[in-house]
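Letters A, B, C and D mark the chains in the order given here, with residues in each chain numbered from 1 onward.
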Amino acid sequence: METFKKKIPVGILGATGIVGQKFVQLLHDHPWFTVVSLAASARSQGKQYGECTKNSLFSDWIISPCTPSLPCRLVFSALEATAAKDLEAAFASQGYAVISNSRAHRMKEHVPLLIPEVNPGQLEWIPHQHVPGMLVTNPNCSVIGIAMALKPLIDNWGVAAAHAVTLQAISGAGRQCNAIVDNVIPHIPNEVEKIENEPRKIFEDATIKISAQCNRVPVTDGHTICLSVQLKKKATKPELIQAWNDFRGLPQFYNLPTAPKQPIHYWENPTHPQPKLHRNIENGMALSIGGLTPCPVLDWKFVIHSHNLIRGAAGCAVLNAELMVQKGLI
Amino acid sequence: METFKKKIPVGILGATGIVGQKFVQLLHDHPWFTVVSLAASARSQGKQYGECTKNSLFSDWIISPCTPSLPCRLVFSALEATAAKDLEAAFASQGYAVISNSRAHRMKEHVPLLIPEVNPGQLEWIPHQHVPGMLVTNPNCSVIGIAMALKPLIDNWGVAAAHAVTLQAISGAGRQCNAIVDNVIPHIPNEVEKIENEPRKIFEDATIKISAQCNRVPVTDGHTICLSVQLKKKATKPELIQAWNDFRGLPQFYNLPTAPKQPIHYWENPTHPQPKLHRNIENGMALSIGGLTPCPVLDWKFVIHSHNLIRGAAGCAVLNAELMVQKGLI
Amino acid sequence: METFKKKIPVGILGATGIVGQKFVQLLHDHPWFTVVSLAASARSQGKQYGECTKNSLFSDWIISPCTPSLPCRLVFSALEATAAKDLEAAFASQGYAVISNSRAHRMKEHVPLLIPEVNPGQLEWIPHQHVPGMLVTNPNCSVIGIAMALKPLIDNWGVAAAHAVTLQAISGAGRQCNAIVDNVIPHIPNEVEKIENEPRKIFEDATIKISAQCNRVPVTDGHTICLSVQLKKKATKPELIQAWNDFRGLPQFYNLPTAPKQPIHYWENPTHPQPKLHRNIENGMALSIGGLTPCPVLDWKFVIHSHNLIRGAAGCAVLNAELMVQKGLI
Amino acid sequence: METFKKKIPVGILGATGIVGQKFVQLLHDHPWFTVVSLAASARSQGKQYGECTKNSLFSDWIISPCTPSLPCRLVFSALEATAAKDLEAAFASQGYAVISNSRAHRMKEHVPLLIPEVNPGQLEWIPHQHVPGMLVTNPNCSVIGIAMALKPLIDNWGVAAAHAVTLQAISGAGRQCNAIVDNVIPHIPNEVEKIENEPRKIFEDATIKISAQCNRVPVTDGHTICLSVQLKKKATKPELIQAWNDFRGLPQFYNLPTAPKQPIHYWENPTHPQPKLHRNIENGMALSIGGLTPCPVLDWKFVIHSHNLIRGAAGCAVLNAELMVQKGLI
């Protein structure tokens, strides 16, 4: 990207939340983007960013309102779903490129549900949005890991069904603090529906059957997911491991700034992957897999782990934007 | 049991470990049994029980060696598998009734793998052991919960397959203390094998397919297990819930001292069951179930929870002994 | 209290918060009081209590506004300080007896800062409030434990100085969920000031010197406090322990419904007191003390523990109200 | 140190424990030292290091017995106190330089209790040991932090008394796993005695009064300590902060490989220092201080934090060895 003359100015919507702060952290010294606006809800507007978040980056910046009058054409959205629905649409209709982590528009027609290594072809849907700007979303934090793990399997053998049980970190939940010491909460609102439905849009395949059960566990960052899959063709353990370790996509081909060198790492140690050891592999952008064994009910079972705020949220959105710049869409 | 003239003297093998201490807690004021010996490995012999365990019960008792010369005919064993193999056999060959929580003899022919509500008929195997005493085991802590949940389903509709992902408490693990703060360890040695094999012996059915993935999570007591099952006949949600809530077995029929009134409780609140709320239901002897929903891959998915040290270990063994007394076997 | 014809109707202000819910739990089957109103801020008004709190008690009750038109003369307040300031004053000026856990009016002249076992004489200040109703507060959750531990020492030997380091549970904090896994936060806003100042009002002694350092630790319920004290006269270890164990006050004399039989328990085991073992002693209303040893800098050091939501908040307020009923003030 | 021709061969005694593994981590690519032997107790001898520890460094090395026949002249000891007493003496009498983290010989005459920035003069005691080798110890993990914080205060104003309450991480404890979820244990065996006595030897001042209370809290790594101090001369807050931030010792003067650039960092944010944010500052070798405020009982109170396994154990020992090499003692 040596041809860049200057960095692209960007804004962050919902900059005070946990994902918003992760955007700040990933973008504050980004080689292609420069943050020019931090916007948030009425409660924070006019206050200093450091006062609202205790974040030491941009701490004296004044928080802007979330209205489509920010001095940039590209915004990253970490808005909550209810706020995101109208606001993101308003920004797109005013000509902004909106790269969103929100679930508000994920399942809407012509809106890419994008993981750059998995389904970059969905960027071709953008012209059909028929708005002056554009809207691109990334999937739910658990779905990103599941879809990355499934992609090489789908490409090589086909996947008929997948059964997922999640052990999700508390970052992003933000409430129920007390309930989660010495406890497991076997329910995360709306999460099962996202995991069972979003992959069908990502893979543009309505026939894949997915079952999910979701648990909140006392871990700060990093989602662990136990997956069992039914393949359409027979595979061996070495073939599966090689397919994961060798997996590369466009971000690796273009060597995008935020791209992990190796998107999926398979760990041979039977006690891996673990949040404490693997959440930050490749700056939190890589997926870890381990424990591959034959499944007596489906075909294979294994464990995946990824950083829910980086690869599973803000990091994926930034990589989406980088791919769009590379493709000349921004 | 009004005919009891006096309490039956019992010994506890492996009395200093976590399960051994739970035996002490459950037996110290038991209406039928009276503890007369606390035995443990060479490291503890001759020391005071309170010195080795910080337990306030029997704290000034001197720990005996684990040799078949204890002043009783009934022993509860919380020995580790390697020690249990020879020692439990030695006690049985010297005429003792050995009620064991160890995995050493669980899969041995003619040795009952007993959950009193589920498979009391296995007590009829005892005469075939051809030893002066007898040996009765209870299943692994996770398996007890799974088998109890499956029993009413098997009886009413048949179960073709079950997929289990466990979130297990740290009591009983005892090591890896550091590793389990802010972490999940997706591996528990030998646990998958137990969960996939023991139910076949319990239900005397080699055709049932079971798949397991096991995780250690930062919870003190109480195992949470996400189960998906494939039934042989169609069932509705109300029928399943009623089958669980109505389930009763011999312990309830005989009103045994340690028996829960209702062995399985289904909780309607979608965030239940939780370790903190449900581990001690019915003194830790009942199984909790929640979250029943159709499974897109198998037929139904749900969450079970039980206290791993009580219903899943010492409590089950004590209930086994009570049933044997009731049946005149001891 | 056999003379009671019927129960006294009471309202709870701020009923949806953590302390408010604890009031509900303590009052729903109270022998003297009957809850008739659950009031909360505008955000919750008109909603069902169970919907806002997931509490199963009073779950279908509609939440009232916090205005002095509740069908009772006695209200318990769990309001936050900013809301409490005007609202509690409004209720008192409309004739209500306000029993408050809020810090808003604690240091105000003529307002008792009451722990029934420690300073019941402050109830005599009420007539000087010159409002149709009355306002009585209880101290901060840490201060209640400190003041109870100091009371027998002050009475017997005098206390010149006390140095307190707190290890406080997360219940009541409600935020910073993520920050408190695998972490200690050595700062709790405004807490040092309360601990250093409130005891002077409780003991009506401006000369007592108190120093505090406050930490939030990953514990759900129960505050642990390391105290060192300088006495005015010499004491021995057995004398101190006896003074604590023998300590009784008016609640014990009148045998009030919520009163612990023994307000202070000294534990000889050097690893005690611990949140997990002692938070619920005497239904959470008793203080636990342990580890008494000579202090090389001051005179004596020891550790106290109490349940921050029960003895340290709602339970103390209920006991305050019971004493006021007993005294004929309500 | 450009004059080094080749690295100095070293052995690690007690290499399989938590501190032993930290030695391995700090020494495996050290610029001056090269590990040639990993020694441990009889239980591990002859096994592979990776098998005993799951450590990926030196995983195929065979563990040696702890006998003074290792192919080196310098050994780092992470032995437990009972084993260390005789073994370290045996190594020293056979001509080895023993750099020990054990408490066995800390208080012995002529044995330096060394923190390189604090009391390097104690190295002059070595000739008085009258053994062919030599023995140098570092203080207890909590004491190292306390002594570093006190050193600039002692040098500038004098310290008459210090009161310390510790909140210690679970690494190094290794047991009581279960007891420490959702709990605080207000007792660590022998710890109070070490904290109250070791500083007198470090500062060679028997008049300094120290009082300690020790707590185990649910934190993996990093000890937090609340300190209150009485100074001999008046100091202001800016003077104290400057004294800490400006503090340097011989390791900084010689720019030793493991030396932190700035041994003490004062943090202005009132919620700092925290284990999660500061345990790894300067590779775990720096002390963090925060929260300095006047103490109503003594003179000043503040909070310190340091990594208990690095600066508080293995890292301090390695720095001790580096200083000894620099001084020509090894």
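In this section, a residue touches a chain if its C-beta (ideal position, glycine included) is under 8 Å from a C-beta of that chain, and two chains touch if they have at least 3 such contacts.
Quantities reported herein were computed from a predicted structural model and do not represent experimental measurements.
S.K.: I'd like the angle of the rotation relating chain A and chain C after CA superposition, in degrees, nearest 5.
M.R.: 180
S.K.: Taking CA centroids for every chain, report which one is farthest away from chain C.
M.R.: For chain C, the chain whose C-alpha mean is farthest off is A.
S.K.: Determine the centre-to-centre distance between chain B and chain C, using the mean Cα coordinates as centres, and give it in whole Å.
M.R.: 42
S.K.: Per the centroid of Cα atoms for each chain, what is the distance between chain C and chain D, given in Å?
M.R.: Going by mean C-alpha positions, chain C sits 42 Å from chain D.
S.K.: Send over the residues of chain B in touch with two or more other chains.
M.R.: Those would be 181-182, 218-220, 271.
S.K.: Give every residue of chain B touching chain D within the complex, in rising order.
M.R.: By the definition above, chain B touches chain D via 18, 170-171, 173-178, 180-182, 218-221.
S.K.: Write out the stretch or stretches of chain A touching chain D in their complex.
M.R.: 54, 181-182, 269, 271
S.K.: Name, in rising order, each residue of chain D that touches chain C in their complex.
M.R.: Listed in rising order, the residues of chain D that touch chain C are 161-163, 165, 167, 179, 182-187, 192, 196, 209-211, 213, 215, 217-220, 224, 226, 228, 230, 270-276, 290-291, 293, 295-298, 301, 303.
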